[in-house]
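Let me give you the structure first, and then I'll get to my questions.
Chain nomenclature is as follows: A, B, C, D, E, F, G and H, assigned in order of appearance, with residue numbering initiated at 1 for each chain independently.
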Amino acid sequence: MRDVIFDHNRAARIGLPEAVFCEGKPRASVLELLATLGVERDAPVLFTRLAADIVAELPAHLRVQLDYHPLSRTAFAARMPARTGRVAVVSAGTADSAVTWEAARTLDYLGIAATVYEDCGVAGLWRLVERIGDINAHDVVIVVAGLDAALASVLGAMTPKPVLAVPTSVGYGVANGGITALNSMLTTCAPGVGVFNIDNGYGAACAASRILGAR
Amino acid sequence: MRDVIFDHNRAARIGLPEAVFCEGKPRASVLELLATLGVERDAPVLFTRLAADIVAELPAHLRVQLDYHPLSRTAFAARMPARTGRVAVVSAGTADSAVTWEAARTLDYLGIAATVYEDCGVAGLWRLVERIGDINAHDVVIVVAGLDAALASVLGAMTPKPVLAVPTSVGYGVANGGITALNSMLTTCAPGVGVFNIDNGYGAACAASRILGAR
Amino acid sequence: MRDVIFDHNRAARIGLPEAVFCEGKPRASVLELLATLGVERDAPVLFTRLAADIVAELPAHLRVQLDYHPLSRTAFAARMPARTGRVAVVSAGTADSAVTWEAARTLDYLGIAATVYEDCGVAGLWRLVERIGDINAHDVVIVVAGLDAALASVLGAMTPKPVLAVPTSVGYGVANGGITALNSMLTTCAPGVGVFNIDNGYGAACAASRILGAR
Amino acid sequence: MRDVIFDHNRAARIGLPEAVFCEGKPRASVLELLATLGVERDAPVLFTRLAADIVAELPAHLRVQLDYHPLSRTAFAARMPARTGRVAVVSAGTADSAVTWEAARTLDYLGIAATVYEDCGVAGLWRLVERIGDINAHDVVIVVAGLDAALASVLGAMTPKPVLAVPTSVGYGVANGGITALNSMLTTCAPGVGVFNIDNGYGAACAASRILGAR
Amino acid sequence: MRDVIFDHNRAARIGLPEAVFCEGKPRASVLELLATLGVERDAPVLFTRLAADIVAELPAHLRVQLDYHPLSRTAFAARMPARTGRVAVVSAGTADSAVTWEAARTLDYLGIAATVYEDCGVAGLWRLVERIGDINAHDVVIVVAGLDAALASVLGAMTPKPVLAVPTSVGYGVANGGITALNSMLTTCAPGVGVFNIDNGYGAACAASRILGAR
Amino acid sequence: MRDVIFDHNRAARIGLPEAVFCEGKPRASVLELLATLGVERDAPVLFTRLAADIVAELPAHLRVQLDYHPLSRTAFAARMPARTGRVAVVSAGTADSAVTWEAARTLDYLGIAATVYEDCGVAGLWRLVERIGDINAHDVVIVVAGLDAALASVLGAMTPKPVLAVPTSVGYGVANGGITALNSMLTTCAPGVGVFNIDNGYGAACAASRILGAR
Amino acid sequence: MRDVIFDHNRAARIGLPEAVFCEGKPRASVLELLATLGVERDAPVLFTRLAADIVAELPAHLRVQLDYHPLSRTAFAARMPARTGRVAVVSAGTADSAVTWEAARTLDYLGIAATVYEDCGVAGLWRLVERIGDINAHDVVIVVAGLDAALASVLGAMTPKPVLAVPTSVGYGVANGGITALNSMLTTCAPGVGVFNIDNGYGAACAASRILGAR
Amino acid sequence: MRDVIFDHNRAARIGLPEAVFCEGKPRASVLELLATLGVERDAPVLFTRLAADIVAELPAHLRVQLDYHPLSRTAFAARMPARTGRVAVVSAGTADSAVTWEAARTLDYLGIAATVYEDCGVAGLWRLVERIGDINAHDVVIVVAGLDAALASVLGAMTPKPVLAVPTSVGYGVANGGITALNSMLTTCAPGVGVFNIDNGYGAACAASRILGAR
């Protein structure tokens, strides 16, 4: 009854191919998209928020063509052509890892080299101090943190690189599903930090791609 | 028509005399309380959130008996007896100074020695690092910060002392009148940080007094 | 792929060892941490928000080494050295017991003696009045309450001791997952009450430890 | 251009005459209503939230006919016939007095005897305990409180009478313009407490009137 | 480890016996309370928000002694002595029935006669108009409604009786779990309507009991 | 420095000419627009939210060309050509009149005949019942109400005409600047009521114009 | 115990028959209504938010009489008489399809022809531009969108037809269950767009019916 | 009493010199900073949110050295050295101009060439379409919009450049001081758009500087 109108032209227009956000879409639609676009190797498509049990439902001959990463819930059949520029993805803790790796995997799909630095939360500041030299050797810095997201401020004040901040929904009580981390990042006193929706590791990776493309 | 029932017994019961929060009270009531309790030197009373223009309305012979501090909007005629123990009041920036000094002045009134360390925001972390030794020589640490209040997390992870955190209402947009700073402090990953209402420097000073009294 | 960077030095720095908040962490990471750090008796680690079904998955020889408390969902293999000072944990009702016992168990782990007083809600004020003498014989008072959290105000006005208030998420409608209790505690007219995140019994226990350490 | 359609029949239908809430109405409309309905002695009308500077604009011969009470900002030219039954209006503090007296004045206008008990906040619980016998000699109890509104719970647990609770907008930070007091009253563990909009002393007085009328 | 301190004296103090709100309490505690207090016929106790699957776990000889009503999730073993006075419980629609019957069942337990009028929502105003005469023959009116809760305003403007309004959590989107109905009731232009927490049919019944007792 | 780019083509595209919302625009820009577009009689422009003191600053020869209506804060120099179709604007009370007349004046400017029915709030339902026949003789009904906005539900259930609902910001406390009225209208059980932003009388008038144009 | 009072007269009064919103209603009530009203072919009733597993519980001879559409969760046994006028239902993406088709199915039930245009989100604006001519050939336009709902603004600025906007609850983080889409639609700069509750496709269809009926 | 600790080293550390946000700082502090740092030509400092009446208080010989821009409320005495790279600042309307120009002026101070495109709101989409070629000739695009902020989505889908989105606080009702624009931008379906706090033109300019510096 419905025909999905795919925006095949998006990559030419904005440098980023259309991706499929799977959560909330009817299960049948996701399966159909996986079976068609998902295994297309010439114009590879990224699937995000893809539940493991949907992948498990795919016929085996399709499933093997798909590179599925359970922690980040991302999948793709092939990568975009490799590009110059390197991105550091720095996170506060293990609880943020699903989002951290959504960013890293999206960069991987986009053909961009990424290094992940986890467990850099400010409760043990020495962990960040030891690594800041390495981090600053990258072209763009993505920072992923929940709760009070103090890492965004501290890191933003230690690097001259573009800083892209992703709040996460970890925590309880007034962590408020990530709203506190989001607002904390938006009000950081470190100047020039761009912020993304809660848990939107994909968005920060796309912004890094725009920045690297603009060089 | 109304007779204020003052809780003169409070100091004996909880170690803290009643104070008068002036904002929102009818102007006439505040003036009457200033003219009576305000100049009582034997059982001195603290006035907080006291607007300068109300003080200016007091007859001169009463006004000279009152120690009024415009920045913190606090007043008292005499101090409580001096006590042992020292408190560090550490703030993120100049914009927090009204609250910072409400805490410091309340401690002064309660007979407790306080040292104020302003402009320690994490956007220039070296400012805090240089002073952490001095700060840790105190018995209790009060931290005052607005916006993302990252200072509370960073400082809480650098000191073993009791940490009392006061969010401030500085900032705009999603600073949201201090709600973001408050929630940020409540979700700090530094363990064991007690939090107070937005701009409540008075409350943190009272908590420091309880702690020093419990020794 | 990820290596957790444990902050082993935290106890020396702030007097409180790192703890593991289990909720939201990938299940495999929690199991690995339990199997390694969790059974370490020389530098014992506290696990909080640890679901019973994860514990049940541990091999039996590890499980027996772990002191797991289902109501509070806490676990540890050994206690920190015993310290002087006593803490009263006072709660409003049975519905608050998971949080009440998270505080009591954390104190136990930290080597601090704690007495628990449950069912002291103000709807039957005589229950608190009968016990206030006993409570005031402790060095620090933790108060745990949900809904309107009136207990924090009433108790804060009856004790000169440091008061640490933990709102709980019990209730429905405008109890709002504990936000009403939290805001009620933050606006209490009892002076000097430090407040913690909703359901954060662990945090209040850590603050009590800081206070007892500061003596 | 506009003709106000007054609901003259309301008293016959629900036992309460229409009142005029002045705030937000065009100034000219309020003045016109004061000059006509306001001085009508046979079917007296109550004006609430009436600013003093509007009253000052009335011609002197009208102004003298009006009983205006500045603290509560209420006015009427005559009272309704006296009725049996007595109401206690109990408030937490001086800062609540505008609302406290809006309730008391509305009762006065409705022909109902009211006793006001101010400064009964739980920070000094003895003030309420000393008066509870007197309060319970009334037929209905109105409780007025801001901030954490703990008084509603404590009083609700000490009286068998109908309890009508009015939150006030006093306070700062998370007092949130009275929302915290409102939600605190709505979640009180004292059973059977009816709650009114923030600062709505008028509404509670009308409810008391309904209760006394139902006897 | 924990001993529940039951407030047996409450009925003497405020005219309402203690009730047990079961939701959120540990399952074992609820079962123990049901097995002891729940079957006590001389001082019968009301259980609210009691899930059917907990009742099903009770031994059969206890279960038969308990009058359990699944729709309202209430249970008691016996009623309080019958009292004079009648209460009308008027609801907007079928979706409100769990709350409607929680009110009606609580009244039944308290020994008060109640009549239930369902499906009176203003979308078909004739349904209310036809019944208003009957409703007004009662001493107290409880109104139960969700969504925009317009019924509270319309009914409050048609009856001189005490009106107790209970918002319900029915609906989706900006119905917002009952917040819209709650705020709508609190801002009703019908004067003198007391409001209760969302879904709190129990509270309104207790308030009705206070009113009937005050006669 | 800036050149406003006026969308002169809008009327041809969507049947509604561009209007100027003055609030928040720099004062100088508004004055310049009034002096140029404002007095253009061939392509008349509507100004909304135009403060009286800005109009007073216009040179007299321009001011006389402008039809300014202070209550609704609207101005225009000429009307659009008259069109067929009639709109009823029904409001709850006098406090809503600024919004009521913004709708009526916009219709007037658009060349559409409007009848205004004020003071139809449900607290006196007879006022609406008496007028419903007249109202239903119009082609479109705009309903304007604040507080609980019960009028939208009641009226929506009495008319088969298109109903356009405008919440107003009147009221205090949980009226919440019109949010309660807005959410109440959005959750009305009367089917098919379209809702507009708080105080947006202009928007409802434009929607009425679209509806009449679609005939 | 309860008898549903069906408002059979509604169609005569407002041109729209009563419908049954199934979510939140007791399961037994829904089944009973399906078995009676649901299969009535002369005065067909629409069921919305009807879960597939409830339909599956119906006896087969009833189930076959019911036209159930799983994606939109709507059911009816027969249509209302066909009417003139056509409605375009335009949506941003596949994730909105449950709401999109609730609108389309309701129109179908009401006897109104509808065309559905899916996947018109502004991230690929050419998809809307290509279809705008077709869309403008309809009498009313319903726009369905979640997230930032930019489609409502863009489409509202491209069509002179009545525009009815339905926000959807798709998305995560600050999409906030549809609140962002709702507020975005309410603040659109395209003039004259009426808005409905989140996910309320049914409501928009009813409004379209009112508009077509008013012609 | 207080000595501001200026972070002179910030430019070397993160490539951005410290700036002075004046709003909320004590007036005397701002004047002192203007008189010292403000006229320093070798290490020029940017002042933001600087009220015109504070500038007017400066002695004339200082005031002439300061380049003050009233619309954006920014001031500086000299520019940073000119750098390569060009930024487009695109806004929805005149009401956004204070923020638009805060961004443009900050870029100017940082030595970066900026082009401003105002009045590009989607209500007249042709205005953006005509200019998109020019805009895409820049290296970075800043988009400034309030209300529903649909421009961010539309523009983000038309350009491959880094997009930095600044919501503004214009509008009324559910525009909610810019929260709706903020959330709309955070949920945009255009991938890779970094968002800043409400009205934070300064922040977006700093982010542009980081991006240009990273090349």
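Just so it is clear, contacts are C-beta pairs under 8 Å (C-beta built on N, C-alpha and C of every residue); 3 or more make two chains touch, one makes a residue touch a chain.
Keep in mind that what you see is a predicted model, and the values were worked out from it rather than measured.
Among the remaining chains, those touching chain E and also chain G are F. The distance from the centre of chain C to the centre of chain E, with each centre set as the mean of the Cα atoms, comes to 35 Å. Per-chain CA centroids place chain C at a distance of 45 Å from chain H.
Each chain gets one centre point, the mean of its Cα atoms, and the points for chain C and chain G are 49 Å apart. In chain A, 10, 123-124, 156-158, 171, 173-175, 179, 182, 186-187, 190-191, 197, 200 are the positions where the chain touches two or more neighbouring chains simultaneously. Under the contact rule defined at the top, the touching pairs of chains are A-B, A-C, A-G, A-H, B-C, B-D, B-H, C-D, C-E, D-E, D-F, E-F, E-G, F-G, F-H, G-H. Across the complex, chain F is touched by residues 71, 94-95, 97-98, 116, 118-120, 123-124, 126-127, 170-175 of chain H.
Of all residues in chain G, those touching chain E in their complex are 2-5, 7, 9-10, 18, 21, 23-26, 29, 167, 169, 177-179, 182, 197-200. Here chain E touches chain F in the complex through residues 92-93, 121-125, 147-150, 152-154, 156-158, 171, 173-176, 179-180, 182-191, going by the rule given at the top. By the touch criterion stated above, chain D contacts chain E in their complex at residues 10, 13-16, 19, 139-140, 156-164, 182, 186-187, 190-197, 200, 202-211, 213-215.
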